[in-house]
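Before anything else, here is the set of structures, which you'll find just below.
In what comes next, subunit A is part of two complexes: it sits with subunit B in the first one and with subunit C in the second one.
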Partner chain A sequence: MISSAEIVIIGGGISGCSTAYNLAKKGVKNIAVIEKSYITSGSTGRCGAGVRMQWGTEMNCKLAKKSIEFYENANDVLEYDGDVEFKQEGYLLIASTDKEMDQFHENVKIQNKLGIPSKILTLDEAKEIVPYLNTDILTGASYCGKDGFLNPFLTTDAFYRAAKRLGVEFYTYTQVLDIKVENGRVKSVITNKGEISTNIVVNAAGGYSKVISDMVNSELPVYSERHQILVTEPVEAMQAPMVMSFSLNLYCQQTPHGSFMMGRGDNREPRDLRITSSWEFLEQMAKTITEVLPPIGKLRLIRQWAGLYNMTPDKQPIYGKVNEVEGFYLAVGFSGHGFMFGPLTGVIISEMILEEEPTIDASMLNINRFKEGNLILEPSVV
Partner chain B sequence: MNDENTIVCRCSDVTLKEVRDLIKQGYTTYDEIKRITRIGMGPCQGKTCGQLVLREISAATGKSIKELKLHMNRPPVVGVKLDLIAEEAKKND
Partner chain C sequence: MRIDKHPILDFKRGKKIKFTFNGQEIEGYEGESIAAALHASGVKVLGESILKHRPRGFYCAIGNCSSCLMVVDGMPNVKTCITELKEGMVVETQKGKGKIV
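The block that comes next holds the complex of A and B.
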C-alpha cells in the first residue's frame, strides 16, 4: 500500500469510481480509492438499475439529465471493452390517486422547462405502452422515453478501468478503520492494510457514510435504510419501460438480459445497516406485482436481495465540504438514486476539490442547508 | 480441452476462457467474477457453476477452495412463481 496520496476516496461504488476518474482525467496524480469489499459491493451493485429524468425538484432533474447524457456515450467516453447495457425504453410513472396526478403535472412542468421530454399520458395511452397494465386501479401516468436501464456492475467497472488506466490506485477488501485529524485538517487514513497520509479525503461510502463522517467528528444528518429487490427468470422481451408507482410502492423493469427486476420500500424499516432478506418483502412484492402487472405473476422469482438507501431529510444528496474539518468532502445521502447521478457526482466533487467553475451549480446541496432550513423536498422517491 | 468451447455457467453461457481471462485481470473472487459475467445470477443461482469457478480461482491464486467464498445465499432455494406466493400471502391478510 502507498504511504501517501494527494486524495483518498473512501468507497468503491459509482460515486467513488466516478470521482476518481474525473480527478485523474484532470491531471491529479496519486489518487487512492479504498473499498472495504469489492467494487460495487455496496448500494451501487444492489440498486434497481434504473435511470430516470422524471424528478420533482429542479436540482434532481438537472443532475439526472446530465448523467443520462453522459450514459448515452459512456462506452466511448470511458473506452470500455464491454457494454454498459444502456437501454432507453422509458419510465412509465403510474398514479393511483388524483393528488398524485396533480404532482405529476407539477413535475412534468419542471421537467419540460429543463428540456426533459416527459409528458402526461391518459390511461389508454399508458396501455399502449404496457398492454397488460391494470389501469382499473390507476388515475393516470407520466412518461419519458429517454429514461431507462443501465447495468450498475458494468457501468462502475467502466469507470473503475478508466480510472485505473489513468493511474488511480484501488485497494479492494481494505477497510478504513479511522481518519486522523490534526489542527482541524485531515492528516491520514488508517486502514487494516496500512496508513495513507493525505490532505484530502472524499466520503463516498454510501450506506456507511455516517460511519466514516463519525471518524472525523463531523455531524452527518443521514440514516441508512434497507430496501429490497427481487429478480425473475429471464424471458423474451415483453415490457419496454420501467413501470413505477410512488403511491403503490413499486418499480418493475425487464432488463436487456430478459429477467424482471422489481422492488419496493417499507417505511417501517429500522434505521440500521442490515441487508438481510425478509419474507414480508417477498409477500408484499408478489401481491403488488400480480395486481398491477398480472402476467408478471406467472414468472418464477429466482433471487431476492437487499441494499441500503442513504437517506437525507430532503431526499437529495449532500455534496461538498464540511464545517468541522478541512480537506474532508462529502458525496453522500443519495437517498436511493446515487447510481443514476454517478457521472455528475464525479464531475461536481472533482470541480469542488480543484476549485473549478462548476458544470452545474450544486452548491445548494451543501451540508448547511439542513441547519439553515433550506430543504427542498424531493416528492418522487420509491 | 478448448477454453472457448467449455461452458462453465449454463444459465448465462459463460465460458471457461472468460473466467480465466478475468482472473488474470485481477478479478479473483467469485463475487467479482459474478458481477462482470452474470455467473451465479441465473436460475441455478451458482449451484452448478459455483464450484467450477472456485476451482479455477484456487488453481490460479494458490488459495485452497476452503479459503474462498461463494456469494451470499439468498431466498428462494428454487424458483417459485410470484402469483403462487401472492395467493398464499393473501390467506394471511
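The block that comes next holds the complex of A and C.
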C-alpha cells in the first residue's frame, strides 16, 4: 500500500469511482480509493438503478438531467469494452390521489422549464404504455421517455476501469478504521492494511457516511435505512418503462434479461445499518404489485436482497466541505437516488476540490443548509 | 417406460387420463407428473435452451433445475416434473422465456 496520496476517497461505489475518475481526468495524480469490500458492494450494487428526470426540485432535476445525458454516451466517454446496458424506455409515474396529481402537474412544470421532456398523461394514455396497468385505483400519471435504468455493476465497472487507466489506485477489501486530524486539517487515513498520509479525504461511504464523518468529529445529519428489492423469473419483454408510485409505494421495472425487479419503502424501518432480508417485505410487495400490475402476480420469485438509503432531512444529497476539519469533503446523503446522480457527483466534487468553475452550481447542497434552515424538500421519493 | 416394481416405493397407478402435447392427444395416469407421462409416451424433448435453442429434457426431476419448463394451459414456465397431470391438460413446448400477457 502507498504511504501517501494526494487525495484519498473512501468508498468504491458509484460516487467514489466517479469522483476518482473525474479527478484523474483533470490531471490529479496519486489518488487512492479505499473500499472495505469489493467495488459496488454497497448500495450501488443493491439499488434499483433507475435514472429519472421527473423530480420535484430544480436541483434534483438538473443533476438528473446532466447525469442522464452522460449515461446516454457512457460507453463511449468511458471507453468501456462492455456495455452499461442503458435501457432508456421511460418512467411512468402513477398517482392514486388528486393531491398527488396536483403535485405531478407542478413537477412537470418545473421539469419542462428545465428542458426535460416529461408530460402529464390521462389514464388511457398510461394504459397505452403499460396495457395491464390497473387504472381503477389511479387518478393519472406523468411520463418521461428519456428516463430509464442501467446495470449498476457494469456502470460502476466502467468508471472504475477508466479511473484505473488514468492511474488511480484502488484498494479493495481494505477498511478505513480512523482518520487523523492535526491542527484542524486532515493528516492521514488509517486502514487495516496501513496508513496513508494525505491532505484531502472524500467521504463517499454511502450508508456508512456517518461512521466516517464521526472519525473526524464532524456532525452529519443523516441516518441510514434498509430498503429491499425482489426479483422474479424472466419472461419475454412486456414492460418498457419503470412504473413508480409514491403514494402506493412501489417501483417496478423489467430488466433486459426479462426478470422483474421491484421495491418499496417502509417507514417503520429502524435507523441502523442492517441489510438482512424480511418476509414482511415479500408479502407487502407481492400484494401491492398484484393490485397495480396484476399479471406480474403470476411470476415466481427468484430472490431478494436489501441495501441502505442514506437519508438527509430534505432528501437531497450533501456535497462539499465541512466546517470542523479542512480537507474533508462529503459526497453523501443521496436519500435513495445517488446512483442516477453518480456521473454528476464526480464532476461536482472534483470541481469543488480543484476550485474550478462549477458545471452546475450545487453550492446550495452544502452541509450548512441544515443549520441555516435552507431546506428545499424533495416531494417525490419512494 | 414406467417403473412397476421398486424396492422401497409403492406405485399405485391412478386411472387413465387424456391430455394433449402440442395438439397431439396422449394418455397418462392420474397421480403422475406431466413430465413422467410425456417421458413414458416417448416425448424426451420438453423444451429448448434460451440462447442456443438446444434441446432440454427431464433432468433433476425435483423442481430445482428448470430444465422441464413448458406451457401448460396457457401458463409458461411450468415445472412439468413436479406438476400433476390433469385430464384435458393442454401441454405445449415453450419457445423463449414465456409470455404472461
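Here is the rule we use: the second predicted complex is superposed on the first by the 382 of 382 C-alpha atoms of A that agree within 3 Å, B and C clash if a C-alpha of one lies under 4 Å from a C-alpha of the other, contacts with A are read in each partner's own complex, and residues count from 1 in each chain.
Operating definition for what follows: a contact is a pair of C-beta atoms (placed from the backbone, for glycine too) under 8 Å apart; a residue touches a chain by one contact, two chains touch by 3 or more.
The shown structure was predicted, so the numbers you read here are calculated from the model rather than taken from an experiment.
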item	value
First (subunit B), second (subunit C), both or neither touched by A:Gly258	second
Partner chain(s) touched by A:Arg300 [first = subunit B, second = subunit C, both, neither]	both
Of subunit C and subunit B, partner touching more subunit A residues	B
Which of subunit B and subunit C A:Tyr132 touches, first, second, both or neither	second
First, second, both or neither for A:Glu233, with subunit B first and subunit C second	both
Which superposed partner A:Ile110 touches (first subunit B, second subunit C, both, neither)	neither
Partner chain(s) touched by A:Val381 [first = subunit B, second = subunit C, both, neither]	neither
Partner chain in contact with A:Leu282 - subunit B first, subunit C second, else both or neither	first
Which superposed partner A:Ile360 touches (first subunit B, second subunit C, both, neither)	neither
Subunit B/subunit C common contact set on subunit A	233-234, 296, 298-300
Subunit A contact footprint on subunit C (complex, rising order)	75-77, 96-101
Residues of subunit A defined as touching subunit B within the complex	37-41, 45, 82, 153-154, 157, 231-234, 257, 277, 279, 282-287, 289-290, 296-305
Subunit A-facing residues of subunit B, complex	12, 29, 31-32, 35-36, 38, 41-43, 45, 72, 74-76, 79-83, 85-86, 88-90, 92
Contact set on subunit A toward subunit C in their complex	131-132, 233-236, 238, 258, 295-296, 298-300
